[in-house]
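These are the structures in question, set out in turn.
First subunit A sits with subunit B, and in the next complex the same chain sits with subunit C.
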Partner chain A sequence: MIIRHFAARNGPRALARTAYQQPLRRFFASDVDGPNTSPEHNFERQINAQAEHIPSLNPTPDAEQSGLSVAEQYHLYKQQQQLNGRLGSEITEHYQPHTLLSNPPSSADVTLELLLASEAHQGHATPLWNPANARYIHGIRQGTHIISLEATAAHLRRAAKVVQEVSRRGGIILFVGTREGQDHAVVRAAQLSKQYHLFERWIPGSITNGQQILGRCRTKVVNEKDEEVTGFEDQLYDRPVLRPDLVVCMNPLENYVLLHECALNNIPTIGVIDTNADPTWVTYPIPANDDSLRCIQVIAGVLGRAAEAGTKQRLEAGEKGEITYKPAHNLTLPEAEETAAAEKEKLGEEKEAVELDNELAAKLEDIANHDGRRLGHRVKHSA
Partner chain B sequence: MIIRSLLRRPVAVRCLAAPAKSFAAPLARWKHTVPTLADHEQLEQHGIPGLFSSEGFKTAYIDYQKLLVNDLNDVTQGTEHENKDPKSLVIEWARDPEAAHFFNVASMAYNNHFFFSRIASQPNVTSQPSSDFVNAVKRDFGSFDTFRNDFLDHAEAMFGPGFVWLVQANDMPNRPLRILNTYIAGSPLSGAHYRRQAKDLNTENVDSFRELNPVGAFGSAAQKPRESKKALGGVDVVPLLCVNTWEHVWLKDYGIGGKRAFLEAWWDKINWNVVQEGATLTPAGGHRQFHYSGMNSFKTTL
Partner chain C sequence: MTRGELSRSLQRAIGTLGRPSCRRPIPHPASRSKPSPSRCLSTTAARPEELQVNEVQEKFTAAAPIDFGRIPGNRRNVLAALRVVPASPSYFSAKPTFNDDYISLCALLRKVATLPTVSPAEAPKVAWKTIEQYRIMTNEPVKNQRYHKMLHILRRLNCVHPSLMPQEVLDAMQRYKKETQPGDIKPAPGVVDEMGRAKGVGRRKTSSAVAWIVEGEGEVLVNGKSLTEFFGRVHDRESAVWALKATQRLDKYNVWGRVSGGGVTGQAEALTLAVAKALMVHEPALKPALRRAGCITRDPRKVERKKAGHVKARKMPTWVKR
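What follows is the complex of A and B.
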């Protein structure tokens, strides 16, 4: 009703205005510049535009009403992509390189076809081989050794089991890949499993001379759910440097020092052993091509997934209140320390004063004596 | 040692260079395949009851989509566009006149599949739109019957092949529903607006269609205000529904003069559930706004 009255009141004026603005249009095909306009809609829009001046008929237009917010538009876009994005044809499955990092394969997905497509079988020229690798070599083709993919698959699955169990037991795993292009693979493996990575040069002595090199790193105490527990700062001050419990190395040929340090300290190692590498440098060799980034991404992906499964098992046990590891030695709970201090306070003020003085003196001595380096640390976290 | 081993390998190098490239196509894997519809086997056997016979469906979808998909494979294989879906290809090629044929193929593949995906394939089920959707239609077209007549008249009036779309303009307040024609292989997608082909240029001239004269600083196009920069992911229109008016779609089942009959039969077979899924609808009882609906009693006369 309101609309008709309004049109009746303003109709002729509105029509006249329209006629003035677009005199010749009406004689030709309807003015449809796009989906937004049609003769009726033009008229409708003009009526509505005039209506906006009348406050009683129109609520104050919102700033966002005329346009969507960025979040809304993105959501809409995603919705549309899901509904209409794949129309037209079905594309057969094909290799998408980024999926090796975004969605790495697990141990169960390791097939000979995958390893072959990832060029894991490509060895080096026959004169360059290390004869200790003879058991892993399938044959020779065009002057290069071909690594047996059955051996690769078997060793990879074994390594995955080791990694999973170490992770389940709360061990520190260090994924190392120092060659160009291996950084994404090792970082991704560490991220998946909440472990550690290294893609720059290993600083010699980080294990054998850890106190010196890694002495300044922050350490923290975590509970069975991986939540940090505060109050241990004093105790951590005196603790020794942390060391990895397992090292996974993507290019052992360039990391001899790291692997040697691990061997000296009884740290098991896993390494990708090419035909020219020495399999005795690592505890669990994986015979494969270390020169192919795709192969490294597959191996790092599989081991990362295994570590992720282990971490998941550990955290699930933690949710139930079970721990899958031995708690750290010689750490007393902060509450126990506090009660001990409270008991001491009861003995008397004098004694307390004396003891406090002694403590203060000891601390002052400590500060005066130590050269600014703390003793207890942990290997750096991954992001 | 290394140098010697390299020198010893020229035979191998020659072997690697050998394979002939005389027949590339049969050796390659076909990447694009005809997409399967819901109840695809049933459709192949019986067609779409009430709309297409099995031969008609075979011509309109199976054979024609196969043709388009083969063309797409020929065009994209071995190039950087390999493994891209038709929608991305449409938007990529819309701006490039030299890729006009490629655009046509990708656009027809997209549009034809879109058309068939919005048809209800079950024989005894007539889909009904939800009340939210009907309210949105009433708000923008007046009534559902008006909407139907409007839509089918648009399709019938187009001379020559093309598509008629129901779209939702998400840039405007209230997100109205609109009807859009695309002639031949035009695309309603926002990134492909260069090839929207919403106009039959044979029936337009400079005065009726402003966009015919875009050049010149004093042209009418220069007077238009610049569109505001959209946020990331902004969409101009969202296609909801379309009808394929190419003759090969309805010629077999409806005959040479059967366009209207085909359109009316098609209307009864629309799957409104899928159509609604793509629309952003405000539920009934949303905040009241002044909107003028029901223009049909007014004629645009001077």
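What follows is the complex of A and C.
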């Protein structure tokens, strides 16, 4: 019987025991005579033979699972994880990075401790500041500005309320985060709330020249329960391009063009304003650190949750039959169009039928006249 | 009997005679057994309906309850609930299909990231769509760099160990693969026929050769002539049977070859390839040895064409200063 993990099960002293229990001795007569029968050689050989039988504390995978395929090894590993994974001490209340994206905090969970831990207070070096941000700065430390977290929290909660209400009223919210690493946060916020995201470069003119740039992208007609209603494809083709009703920008310094276009078109914006950013570029600034991914994930998470709550309110109202949004103008029901088209067809058919009848009558008259001429009996019909 | 009574009875009799025999429906046995409670209990005069107890009562179900939510044919109600929204969450990127694809692949990779992988060299060979083909498929102006980022993720997904590859990953990858993959069309392997012959075809420059190899003593016939008769040059004789010489099987096989086209050396080299291919049909395990001997690759060199402005393919007329 081969015992694996012998030392782990029985302790390292067990190894010593086996060595004592099997003293060195000769087994075969053929080993006695020959060129390799010196006592040192025999001793070495026996030690080596025993060493093979002693299981090592860190066995190599090849030695152990030589008979198992990769899939079998993987399943075995998973089984052992399940059985033994929870052994050891239980650590609660610690930072798990993935939870910011998988289960983002809501506006009520925003605390100064959370913002501090997410490095939202870290501003830029003092010479690089924008003096318009003076009201949000708490002080200076080691040559950098420290953003006041009370201001951050207050502005974040206000922005969350705005986002929730816009979402409840069926508005199109665009979450923008074009820096590397912000894509996951922005996509997740849009996913939660069934809104829209942008994580690559904003194409200048997408609002001011929207027909050219976004004209090919597909739109759809939805009802109060957010279910798609088909039959409007022809009407959608002629409609103007859609614009966001609210833009949430995680890095306003890189998205000047986007914010400018929004300002030109009366679209309110929310932005994460660092100490060197211009707060007048956005309607609702959130003074925070835009260079920290963790801070961006917290802010995007909170706003995503708020939008999710607004969407939920809108859908609940929709279930009851209440419409919280302004319906689309100039849409006609496809059935009405169909009946109009059918009526037109019918009229056309009737006309054709009348014409055919006339032709037929004329032909019959001709035939009758011919007969009359041939036979000379029939009376000519009056036309 | 009085007159009135007689006439009444007569009338009744005549009436029954004249009436056609009507088949009265068989009354339901239950209705007979059921006592009519109203007749039993009521002290008022019996109502006319209750006298017809034995009539059949057909089963029916009442109409469905009124749905006050939907008023049929009310157009204003339906239109009042409709709004136009973008079909994809990536609408404002101007490349919605590409961005949705990228996001879904990233999410899939996060899901299967912990599965065992193989090295890229051992992963199954896949021909991914070119950027042009992808642009045609999605009808979007996708940038080179971003498409290659997506290909990077696809290659990583392809490296998941084949025995543990989830079906959803295979389904997701299928969209980005070319329609024809490198291993799809496999040429039928050559067979040794009932007489022990294997055929091989070889070409070099404009010569083509067909060689049949059988187990034998080492005889060689080319176009009906022996090797020494056909090839005057020793080098050509050697190269014609180089495949057998390199694998030390000159005395084990007989060669019957037919060559045409080109010159002597071209025909000899064509025979090299033909004999090697025929030998591989007999012994497929010799392929690495034959490759080392240089018999497997078809030499693609051919006479280069003459170009305009040149005397020959490369030679130019003498350069004149003026």
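Here is the rule we use: the second predicted complex is superposed on the first by the 250 of 383 C-alpha atoms of A that agree within 3 Å, B and C clash if a C-alpha of one lies under 4 Å from a C-alpha of the other, contacts with A are read in each partner's own complex, and residues count from 1 in each chain.
Heads up, the rule we're going with is that contacts are C-beta pairs under 8 Å (C-beta built on N, C-alpha and C of every residue); 3 or more make two chains touch, one makes a residue touch a chain.
Small disclaimer: the values here were computed from a predicted structure and weren't measured.
Of the two partner chains placed around the shared chain by superposition, subunit B is the only one that A:87 touches, whereas subunit C remains out of contact.
Of the two partner chains placed by the overlay, only subunit B lies in contact with A:142; subunit C stays clear of it. Of the two partner chains, neither subunit B nor subunit C is touched by A:188. Legend: residue contacts after superposition of the two complexes on their common chain; A:168 is shown touching neither subunit B nor subunit C. Once the two complexes are overlaid on the shared chain, A:69 sits against subunit B and subunit C alike.
Once chain A of one complex is fitted onto chain A of the other, the partner contacts of A:305 are absent, as it touches neither subunit B nor subunit C. When the two complexes are overlaid on their common chain A, residue A:128 makes contact with subunit B while staying clear of subunit C. Once the two complexes are laid over each other on the shared chain, residue contacts for A:155 go to neither subunit B nor subunit C.
By the touch criterion defined above, A:331 lies against subunit C but remains apart from subunit B after alignment on the C-alpha atoms of chain A.
Contacts of subunit A with subunit B, set against its contacts with subunit C after fitting on chain A, overlap at residues 69-70, 73-74. For subunit C in complex with subunit A, the touching residues are 69, 75, 78-96, 99, 103, 106, 115-116, 139-140, 146, 161, 163-164. Interface of subunit A with subunit B (complex): residues 3, 7, 15, 19, 24-26, 28-29, 31-36, 38-41, 43-44, 47-48, 51, 57-59, 61, 65-70, 73-74, 76-80, 83-92, 94, 96, 125-128, 142-143. Interface residues of subunit B, counted against subunit A in their complex, comprise 1-2, 4-5, 8-9, 12, 29-36, 65, 68-69, 72, 83, 85-87, 106, 109-110, 113-114, 117, 165, 167, 169-173, 178-181, 188, 196, 198-199, 203-205, 207-211, 228, 230-235, 237-239, 277-278, 280, 287-296, 298, 300-302.
Against subunit C, in their complex, subunit A makes its touches with residues 69-71, 73-74, 170, 172, 174, 184, 187, 190-191, 194-200, 202-203, 206, 213-214, 216-224, 229, 236, 239, 242, 244, 318, 321, 323, 325-328, 331-333, 336.
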